[in-house]
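Each of the next two complexes has subunit A plus one more chain, namely subunit B in the first and subunit C in the second.
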Partner chain A sequence: MIAVDVSRLSYRYGKVFALRDLDLAIPEGAFYALLGPNGAGKTTLLQLLMGMRRIQQGRVSLLGVERSALSIREKSTIGYIAEGQALPKWMRLEELERYLSPLYPTWDAALANDLRERFDLDPRRKIRTLSRGEYMKAALLCALAPRPKLLLMDEPFTGMDVLVKDELVRGLLDVAGNEGWSVVLSSHDVGELELLADWVGFLDAGHMQLSEPMEALRKRFKRVEVVLRDDTNRPAATLPTEWMSVERAGVRVSFIAPNFNETFVSDVLPAHFPDAARIEVFEATLRDVYLALATRERSRARREEAA
Partner chain B sequence: MLPFAVALKSGESPYRQIVYAATKAVVSGELKPGDPFPSVRELSQALKLNPNTCQKVIAELVRDGLLEVRPGVGTVVTAARRSSAAERRELLSGQVEQLLVEAKRLGLAEADVLNAVAARWSHLFGERRDASR
Partner chain C sequence: MTWLAQLRHVAAKDIRQARVLLLVYFGVVAWATWGACKLTRPDKTSTQGAMIFVVATGLFVVAALVQADSPTRSDAFWPSRPFYASAVFAAKLFVMGAIVIGLPLAGQFIALSAIGTTPARIPMLLLVAAWSYALWLFAAMIVAALTRDLRTFAVVFVSLCVLLLLVLEEWPKRLQFSVGVRTQEIATLLGAIVAIALVLTLYRTRDMRGRMWVAGIAAAAAMLISPMLPSSPGLVPSSPVATTEAASLTRWATVRAELVEGPAGARRPWLRFRVRAEGATATGRFGLSISSATVYLRNGSTLEVPTEEAGLSVALAAQPYFRSVRGPLVSAQGYEVDAKLTDLQRAAVSAGFDSVTVEGRVTIWNRQAIATMPMVEHAALGVDNRHLEIVRLDRSADTVSLTMKIFSVDRSDGQSIGFGFGGPDLALVNETRDQELTFRSGNSGGVSGTLVLPGNEAHVSTAEYDTAPLRPGDRPFVVDDSWISESHLVLSKWTPNDSYPVRAKVIVSP
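Presenting the complex of A and B:
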């Protein structure tokens, strides 16, 4: 089953298109990292998924149901943590839980207790007294207690210290991960997403530049380092345009190839570098790929502007 | 903490890193037949790794014959099994040839390779003779 199904979604603020003909399909049970630079449209996309913005163009289905047709019960199986999630500061945590639980037919009080203990949160404390990390733990507790089949989180770890992030990640993996719930986590910081996520999407310039399983990304994106035999001046124009982050210094050339396969080593590389002394192929890190894609997009945008 | 050494490096498939680390632990005797192997949940928590990936790791190790699932007990390390003639051939001619071709390309001598192999073998497995042979 497809947990999140988006088809030709466009959204503009005035004349500016935040999302442009965006297609997205996230399978059930996936832990999906939605990456993209600031201002790429991640928050807009998540708000559209959650029904917080009117759909101007396109279609959105969650857990197999058209967004507008979701029943109350179905909606209670969809959790959301907004960027800087606003919790009522004057409430105590226990009051907030008592307030929220009747709104969710699937609220699991035992799970809420487990999470509260796990995160070491005092239920009697007022939310305004919580530190940033405790606040996010409280938000995560409230989002997980209804046992959501689909959890959407907008930059939940941004600005969190390492210790808190560690606890949040483990809590999330232990509960959502082991239950097989679908999780969509947006971030502009690659961080530990490489281990957490098994699907990754890159949103930039209004649509998904890529969206695929993490393993597939690893197989096709490689960092290649070439050492030429001498300083022959090979003009950059002769290298395939799909190669990204191409860098040259003396006899060294390095780049990120997005389409690596067996013939790459046997045919493609020798064809472009017949005079190579050494060629090494490394797996590209998620950070490498993210930087390469974001940089390429910046250049493309600047070229369009100049034209 | 996990009963075998694994430090995940960025830029390499965590799945392959863990399968390798576990395989190394089993063949070197660090993990012995009958030892319990961490569950999906334990791997996920210890490494902060997606449980789907952990599931694939365990499935691969079961397929390779290093682990078995015992009902009511969980996943345990299996006793050493006989390898097939095909597997041995692939390693002893296939992979060895790759190593030798690469060594020659780098200008190494036969003695360099043999010394490196012997040193690494004793580092990993000590002087012990494999009891199953």
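Presenting the complex of A and C:
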């Protein structure tokens, strides 16, 4: 079953497209990392999924139901956390829990207590007095306690220190991972996502550049390092344009190969580097792929702008 | 959770969230109520104008309620939770109705009761006040829904009010614009429906396109502007009209017309007449309006000249209550009317004429006793939507005088202080002896003031009356304490009940 199904979704702010003809399918039970630079449209996409913005064009289905046709019971199975989301700051945490719990038939008070203790949150403290990290922990608690089938998280770790981030990630993994929930997590902080995600999508300038399982991504993207015998040979500019993050320092050339396969080592690399002293192929990290895609998109946007 | 349960849940949250603001609001309402209760006996601690603070605080409370669960902010908390959008909106309307309107409405009720408003009129007055206030609150609700925070709300709302005041100051004058009372009411009702539908749509769709902004500002402007539009005076309820039955009782007025300016040779390009209706009695008086004059020229032709404007001549009779003591006409008040001539007409008239007639219409006004009250201090009476109280009563050798407090509460655009023009006549009547004294009105003055809510305005005035000084033969009876104790005060009104056309020959002075 598809947890999130988006078809030809477009959204404009005035004349500027935040999303354009976006298609996306996230399978149920996936931990989906939505990557993209600032302004890529991640927040807009998640807000559209949550119904916090009106869909201007396209179609969105969540858990197999058209978004506009979701019943209140179905909505209660979807959780949402966002970096900039305004929790009712005048409430104490316990008041917030009391306010939310009747809305969710599946609200798990024991899980809420457990998370509160694990996150070391004082239920009597007002939301406005919480630090940024505590605020996000409270938001996570409120999103997890109803045991949602689908959890949408928009930049939940922005500006947090490592310790808090680690606590949140572990809390999230413990609960969501064990119960097979679908999670969509947008971030440009790719370090944590590498460990969490089993699916990854890269959004840039309103377009989905890629969306695939992490395993397939790891197979497809490789970091290649070539040591040349002579640094006058084969300038980087003549290399295939689909190679990304091409860097050259003296006799060393490195790049990210986006469509790596068996023939790449046997045929493609020798054809471009016939006098290579050494060729090494490494696993590309998610960070490598993210940077490579982001840099390529930025360059393409600059070229289009200049044209 | 059911829809209704969510409504209660959100409303309870809203009340908890706005409790400090609501407490302040309660204080302002209590202060305004206390001030309104003292309206009829103003002193240094009077709080006239407190209504403005009630309205301003109320607008602020409504804006805070709406923005607590903003229908348009993309970072709002509620849309990411399983709420019925309509239940969230209904909760805002509920708190607005039950507390923001309900609280000052209770204050208004206390004030209206305290200042002696006739109980039967209170429900309608409260309805008018609640509706006037609700229009402001609907406008605030729209602006709050479209803005991000209370500061932006305040700036947009105040700017909108200032802009509308400027438009209202100039626009109707330039366009000679006015609307009928019914049109105004329908427009206001439609505006309110549009306002509610618009905010509900915002809650349901979270559509923040430019067109929603335009529609929102237009609806808010309509809410604020419609009660302030100038309404056509022609649509104010008219006086009773003439009936066929009354026509059978018609008495005929003698119309006296006199040419005061404009005989042959005069330089002025008009004919000016003094006209008046004569023959009024104690129970009937005449009104006269002249619409044209006809000049019979020496060459045998006639010249019909319309008058500039229709005036009114009221033949004043003495004011005896009883037909049996119907007195002679003591004064007849005429008025001057001009018939403007063209150059050719002036030349023709200057060449000489045989006679002139004026044409117009006479209206017969009959007298009706509308109320009686004891002639003692602190006697009170409700009449004509006004509360009357005799606050002072004096009797000297030849006159009786009284001071009356007149109090009324009505719609803001309702009526003038005291009785104004066309108020009732007062007479002191001793039915046992079949005798009466008529009163003349003297000094009067008063104040108008708002109560707790807009829409109702209270008028308090004092008016002095006395009987005409004694003249020989005027009063063939003695007015002493025993005479006064047997008598009572009668209020009577004149109502038009027939009219007929008249033509009168003009007296031309040699």
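A few remarks follow.
As a working rule, the second predicted complex is superposed on the first by the 301 of 307 C-alpha atoms of A that agree within 3 Å, B and C clash if a C-alpha of one lies under 4 Å from a C-alpha of the other, contacts with A are read in each partner's own complex, and residues count from 1 in each chain.
Note that in this section contacts are C-beta pairs under 8 Å (C-beta built on N, C-alpha and C of every residue); 3 or more make two chains touch, one makes a residue touch a chain.
Keep in mind that this is a model prediction, so the values were computed, not measured.
Subunit B and subunit C, once both complexes are superposed via subunit A, fit side by side.
Of the two partner chains, subunit B is the only one touched by A:174; subunit C is not. In the superposed model, A:102 lies in contact with subunit C only, and not with subunit B.
Of the two partner chains placed by superposition, only subunit C is touched by A:72; subunit B is not. Of the two partner chains placed around the shared chain by superposition, subunit C is the only one that A:82 touches, whereas subunit B remains out of contact. Contact with subunit B, but none with subunit C, is seen for A:284 once the two complexes are overlaid on the shared chain.
In the superposed pair of complexes, A:196 makes contact with subunit B only, with no contact to subunit C.
Judged by the touch definition given at the top, the superposed model places A:52 against subunit C, while subunit B stays out of reach.
Nowhere in the superposition do the C-alpha atoms of subunit B and subunit C come closer than 26 Å. When both complexes are aligned on chain A by C-alpha atoms, no subunit A residue touches subunit B in the first and subunit C in the second. Against subunit A, in their complex, subunit B makes its touches with residues 8, 10-15, 40-41, 44-45, 47-53. Of all residues in subunit A, those touching subunit C in their complex are 47, 50-54, 72-73, 75-76, 80, 82, 84-88, 90, 99-100, 102-104.
By the touch criterion stated above, subunit A contacts subunit B in their complex at residues 29-31, 166, 169-170, 173-174, 177-178, 192, 194-198, 215, 218, 223, 282-288. Interface residues of subunit C, counted against subunit A in their complex, comprise 1, 5-6, 9, 13, 17, 68, 73-77, 79-84, 205-208.
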